[in-house]
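Quick one: the structure is below, and I'll ask about it shortly.
Chain lettering (A, B, C, D, E, F, G, H, I, J, K, L, M and N) follows the sequence in which the chains are written, and residue indices restart at 1 in each chain.
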Amino acid sequence: MDSISIIAVVSIITAGLTTGIGCMFPALSEGKALATALTSIAQQPDAAPTITRTLFVGLAMIESTAIYCFVVSMILIFANPFWNFIIK
Amino acid sequence: MDSISIIAVVSIITAGLTTGIGCMFPALSEGKALATALTSIAQQPDAAPTITRTLFVGLAMIESTAIYCFVVSMILIFANPFWNFIIK
Amino acid sequence: MDSISIIAVVSIITAGLTTGIGCMFPALSEGKALATALTSIAQQPDAAPTITRTLFVGLAMIESTAIYCFVVSMILIFANPFWNFIIK
Amino acid sequence: MDSISIIAVVSIITAGLTTGIGCMFPALSEGKALATALTSIAQQPDAAPTITRTLFVGLAMIESTAIYCFVVSMILIFANPFWNFIIK
Amino acid sequence: MDSISIIAVVSIITAGLTTGIGCMFPALSEGKALATALTSIAQQPDAAPTITRTLFVGLAMIESTAIYCFVVSMILIFANPFWNFIIK
Amino acid sequence: MDSISIIAVVSIITAGLTTGIGCMFPALSEGKALATALTSIAQQPDAAPTITRTLFVGLAMIESTAIYCFVVSMILIFANPFWNFIIK
Amino acid sequence: MDSISIIAVVSIITAGLTTGIGCMFPALSEGKALATALTSIAQQPDAAPTITRTLFVGLAMIESTAIYCFVVSMILIFANPFWNFIIK
Amino acid sequence: MDSISIIAVVSIITAGLTTGIGCMFPALSEGKALATALTSIAQQPDAAPTITRTLFVGLAMIESTAIYCFVVSMILIFANPFWNFIIK
Amino acid sequence: MDSISIIAVVSIITAGLTTGIGCMFPALSEGKALATALTSIAQQPDAAPTITRTLFVGLAMIESTAIYCFVVSMILIFANPFWNFIIK
Amino acid sequence: MDSISIIAVVSIITAGLTTGIGCMFPALSEGKALATALTSIAQQPDAAPTITRTLFVGLAMIESTAIYCFVVSMILIFANPFWNFIIK
Amino acid sequence: MDSISIIAVVSIITAGLTTGIGCMFPALSEGKALATALTSIAQQPDAAPTITRTLFVGLAMIESTAIYCFVVSMILIFANPFWNFIIK
Amino acid sequence: MDSISIIAVVSIITAGLTTGIGCMFPALSEGKALATALTSIAQQPDAAPTITRTLFVGLAMIESTAIYCFVVSMILIFANPFWNFIIK
Amino acid sequence: MDSISIIAVVSIITAGLTTGIGCMFPALSEGKALATALTSIAQQPDAAPTITRTLFVGLAMIESTAIYCFVVSMILIFANPFWNFIIK
Amino acid sequence: MDSISIIAVVSIITAGLTTGIGCMFPALSEGKALATALTSIAQQPDAAPTITRTLFVGLAMIESTAIYCFVVSMILIFANPFWNFIIK
């Protein structure tokens, strides 16, 4: 395999795996946070606005780690400096 | 194997695995959130509307991580820049 | 092995694994959601209609992640762009 | 190994593994759902008809993921497009 | 190794593994369901007929996933289309 | 290695592993069912006959999955169609 | 390595592993059953004869899966049809 | 492969994996902290301001470990001293 | 490596592993049974003779699975039919 | 590959992995500590200052292990004695 | 490598691993038994002599499985029949 | 690769992994100890000075195992006897 | 590699791993026993002398399995019969 | 690679891994013991001196297993008999 192929190959694999792996645990902990939010609302309906607001701020923070991974994948597919260097 | 084959091969594998792996944990945590939602409704039937609404907003957020993975797979199958470069 | 074989081989493996792996966790969490639904009905028989309705909406959402995987498998077997390119 | 052999080999392995792996978790969660159903009946004998009906609908839905895998295996053994292409 | 050997070899391995792996989880969840059935009978002796009947219907459904795997193994040993093609 | 050896080797390994792996989980769940049976008898001595009868029917059903594996092993050792074909 | 050696080697490994692996879980579940038996006797001393009798019947049934594995090992060491065929 | 390719390849893989792996556990523990925060607010609504403030300080501290990993990835992609040395 | 060496090597490895692996779970479940025996004696000192007697019968039964493994190891070291055949 | 490349490659991989792996568990246990801190504040609002102070001292101590790993990564990237020796 | 070396090598590895692995679980279950013994003494100080006596008999029985492994290691190092055959 | 390179390579990898792995569990158990310390302070505010003092002594002891690993890494990077021998 | 090197290499690896692995579980179960001892003392301060005495006897017994592993390592480093045979 | 290099390499890896692995579980169980000590002090402040004293004796005993591993690493780095033999 020549250099162009190998870099293309590696970029594809890494992009896929980074998103695939990196989305696992954010999904898991969003599920967990959501679950406890629902339990808490059922337990203390009066605090629902506070709980919901804290929940969405927290979910956004967790989502950010998934987005870091998605960003790295997108960089590797569409703005990859190594690929740009090689194909020049 | 020539360059075209290898890139095709790698794209296929990565597309499959990214979706396969990336859908595992969203499914898991949607199940968990759904389960606690049901428990909460049984425990506090009066809060059912609030719980259901929060549930569906949260499920959509979790679903989004599965969709990131599906999007990466679709990009790799139908809009793959490395493949387009090679077959030119 | 020539290019045609290798792509056929890889498509077969990936199609099988994607469905095989991708159906594991949806099944698991449908089981979990179903289990808590049954517990909740036993605990609060009056809320059975609400619980059942929420359950089926949620199961459909979880099922959707299994269907993403099944769709990727079917695309790889019957509408594979790389295979179509190679056999031309 | 020539192309025919390799594709036959890969189809056999994938067909076996897809069913083998894909039946694990549906079985597991059917067992879980069944177990909670029995507990719920013991706890609330009056709700037995509702519980049983919800149980069987849910089991059918879980069984469907096992059937996706079985279908992929059967396609790979008896209606494999790659095999049909090669042996022509 | 010639083609006949390799296909025989792969069929043997896959047949064994599919049954070996595929029987693990059905056994596990039948055990679980049986265990909760016994607990439920001890807890609510009057509901024994309902519990026993639901148990056996459910066990049959779980057993079906083990039988899918056994069927795939038997097909691979005694009705393998790839083997039949090769030895002709 | 010639074909005869390789098929013999593979048959030996597969026969051993299928029984070895396939007996693990039935043993585990028989142990679990037995354990809960004992707990249930201690808790409700009057229901001992019902419990014992359900236990033995269930154990037989679990044992059946171990026997599937044992059957596959015996077929591979003493009635292996691939071996019979090769040594002819 | 010639055929005789390889078959001897494989038979040795498989015999060892089948017993080694196959005895793990029976031991585990015998321990579990024994433990609950002791708990149950302490909890309900009057039911000791029933518990002890059920325990020993169940242990014999679990032990049977360990014996399947031991039987396969002994067949592979002392009554191996493939070995007998090769050394003729 | 020449030196330039190999270093590019390795940088891509490492950048992807470092972010992918390094974001897993921060996400997990942010989810956990968020979940307990919600439980605590439901349990003690009066302490909501203190809890929320401690929560966000702590989340920032956890996020910092994810950012270490993201920083290492960015260094490897855009400010890699080994790459700069090689391409000179 | 000639045949004698390879068989010696394999016998050594298998003998070691069979004992090493096969003693793990018996030890584990003896520990578990012993632990519950101690708990039970503390809870019901009057039943100590019955508990102790059942404990030692059960420990002997668990020990038997460890002894199967030790027997296989000793057969492989000191009464190995394949080794005897080869060195003749 | 020549010596310069291989050392560069290995330094990149190790730097990435050390940070990636080494940040996992500090993140995990900071999350755990933070979670219990929040629970404790909710349970005993009067002790909030003591809890918060102990929490931040402890978090700093845990963070220190993540920093050891980050330091090793930075040494390997920017102050690597082996690299300096080789490129001279 | 000649035969003498390879057998020496394998004996060393196997001896080390057998003891290393084989001591893991006895240690674990001795710890467990000891822990419950201490709990039981604290709970029922009057039964301390019975508990202590049963504990030491049981620990000896568990220790025996560790000693089987140590014996196999010592046989492999100092009384290895395969080594004695080869160096003659 | 010549000797100098290989030793440099191995030292880099080992240094990284030793710190990376060796910091995992100290971090984990510091987190656990810190968490229980916070719970204990909330539960018994009067014992805060004793708890805090014991906590910091214990944390120092746990930190010592992380420092052993860091020391080994530093020795391998900056005071490696094998490296010093080779480059002479 | 000649025989001397390979035996030296293998002895080093095995010595390290045997101690490394073999010390894991004794440490774990000493920690567990110690933890329950502390709980028991807090729960029943009057039984402290009995508990402490039983604890130290038990710890010595657990420590013995760690020492078996350390002994095997020391034999492999300083009194290795295979090494002595080879260097003669 | 010549003998000197390979032995140096292996010594470095083994030294690193032995300390890295061997420090994991002592750290873990020191954390556990410390945690229960803190809980016990909070629960029974009067027994603090006894608990603290038992804790530190026990921690020293656990630390000893970590020190065995550190000792083996130091022997392999600075007093390695195989290395001394080779470089002579």
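By definition in this document, a residue touches a chain if its C-beta (ideal position, glycine included) is under 8 Å from a C-beta of that chain, and two chains touch if they have at least 3 such contacts.
From a predicted model like this one, the values you see are computed outputs, not experimental measurements.
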Task = Quick one: how many steps at least from chain B to chain D, stepping chain to touching chain?
result = 2
Request  = Check every other chain and keep only those touching both chain B and chain C; list them.
outcome  = none
Ask   = Which chains lie in contact with each of chain B and chain H?
value = A
Request  = Tell me the angle, as a multiple of 5 degrees, of the rotation that maps chain H onto chain I over the C-alpha atoms.
outcome  = 155
Request  = Provide the C-alpha centroid distance between chain K and chain L, rounded to the nearest whole angstrom.
outcome  = 30
Task = Between chain C and chain L, tell me the centre distance in angstrom, where each centre is the average of that chain's C-alpha atoms.
result = 43
Note = In whole angstrom, the CA-centroid distance of chain D from chain H equals 37
Message = Could you pull out the residues of chain H that touch at least 2 other chains?
response = 1, 11, 13, 15, 17, 21, 24-26, 28-32, 35-37, 39, 41, 43, 55, 59, 66, 73
Request  = Take each protein chain as a node, join two nodes whenever their chains touch, and name the resulting shape: line, ring, star, complete or other.
outcome  = ring
Task = Take chain M as the starting point, go toward chain N, and spell out the full loop of chains.
result = M, N, L, J, H, A, B, C, D, E, F, G, I, K
Key: chain D contact footprint on chain C (complex, rising order)   = 1-2, 4-5, 8-9, 11-13, 15-17, 19-21, 23-32, 34-39, 41-43, 45, 48, 52, 55, 59, 63, 66, 70, 73, 77-78, 83, 87
Message = Residue numbers of chain I touching chain G in their complex, please.
response = 1, 3, 6-7, 10-11, 13-15, 17-18, 21-22, 24-26, 28-33, 35-37, 39-41, 43-44, 46-47, 50-51, 54-55, 58-59, 61-62, 64-66, 68-69, 72-73, 75-76, 80-82, 85-86
